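Report on the following structure.
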């Protein structure tokens, strides 16, 4: 088994300067005891999009994240995470990630990084 | 493969009313491209402790989480997550989870739940 | 002196179902020791927009808020706060507030409420 | 009228390296339309403690804050805010502020700063 992103089954749909768009299907190993997608799975997917988007601007380390869970997600659901840049400062940058299933937003993630190579 | 908590390799050291104490070792499948523990792995571990602690009070669903990353974690490190209850209201409760490696706090997690069976 | 919103000098530009748009000018009594707008002033303005937008759906109490500071704000600056609804659930709702000076976003606020009269 | 801290009526009980302890009484100009202390007042008090504690380590600017509201606060209540340092890194530091009325925690604040003079 490879990296954590393979554990999550993440597929990169597109990525570029300050943005990333990912997809993953909810498999049995992503569930919690209630039979829903584990909060850590949805977070992991959003975090991957955040990492791709923020590191597109040079090396960056995550400082803090705020995650909101809006709707439950179930086995077999396909979810997408789309990261956009909200702020790009010299030392700090901020990203917003929407996690969607079809047209529904199921979770919202906001992340702040410290840019170790910021210019 | 079983549930997400098995994917994470989480071991429950203790759990009780409003609290939980978990442990996991960082394995290759938990790493990011930089060779550190993936943010989603540390989050998943903290989230498991949060879920155990909050559901000890009756069914609850996560609403929002704040996660802070303080120090990097590497392959082979053993990390513990300890959840304590900060507030238990009729409909809403709040938990704080420290993620530690030995004596060092490596991440801090704060989570709020809605108690669907709150009394 | 009246309510806290008068202390802040908040003017309501528009408000409606799940949204609100406010404005305030930074006065001497809103400054911190560095001569910038106090974080509490920018927060207070955003919080007013959040309260107006969320209570438009029936009574609601704030549970948690995430606030990001992106750019400093100075005496005499005129700032606007615009709240939009990100999620309206039966018991929980979520709002996002942009705080802007002219075309620049200076702070981002995300708030979650518990709807005490949710239907 | 002086600075925002005077608008809030904040009294510094003690302050030192990485910590601060403040107090304020809830006055009419701190209320919202429901007759409770405005969320912005409680935040402003916590933010003052955060600013004092974090600037004790050299100049620092706030990046992001997470605020949880646990119990309502009323006119005439005396509330205290106590800030402690959770992490002091070279470039980033993190503080936790408890807002209490007597023995009850009424709000919890977590703040992250970027240390512009970090060493």
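Labels for the chains are A, B, C and D, by order of writing; each one numbers its residues from 1.
The rule we apply is simple: a contact is a pair of C-beta atoms (placed from the backbone, for glycine too) under 8 Å apart; a residue touches a chain by one contact, two chains touch by 3 or more.
Keep in mind that this is a model prediction, so the values were computed, not measured.
Student: Between chain pairs A-B and A-D, which one is joined by a greater number of C-beta pairs in contact?
Tutor: Output for the comparison: A-B.
Student: In whole angstrom, how far does the Cα centroid of subunit A sit from the Cα centroid of subunit C?
Tutor: 26
Student: Distance-wise, how many Å sit between the C-alpha centres of subunit A and subunit B, to the nearest whole number?
Tutor: Each chain reduced to its C-alpha mean, subunit A and subunit B end up 18 Å apart.
Student: With chain centres taken as the means of their Cα atoms, state the distance from subunit A to subunit D in Å.
Tutor: 31
Student: I need the residues of subunit D touching at least two other chains; which ones are they?
Tutor: 63-64, 66, 68, 112
Student: Assign the assembly's chain-to-chain touch graph to one of these shapes: line, ring, star, complete, other.
Tutor: Its topology is that of a complete graph.
Student: State the interface residues of subunit B toward subunit C in the complex, per the touch definition above.
Tutor: Per the stated touch rule, the residues are 63-64, 66, 91-92, 112, 114.
Student: What does subunit C use to touch subunit D in their complex?
Tutor: Going through subunit C, the ones touching subunit D are 1-8, 28-33, 38-41, 43-45, 47-48, 51, 61-69, 72.
Student: Residues of subunit A touching subunit C in their complex?
Tutor: Spelled out, the residues of subunit A in touch with subunit C are 66, 68, 70, 86-87, 89, 94, 105, 108, 110, 112.
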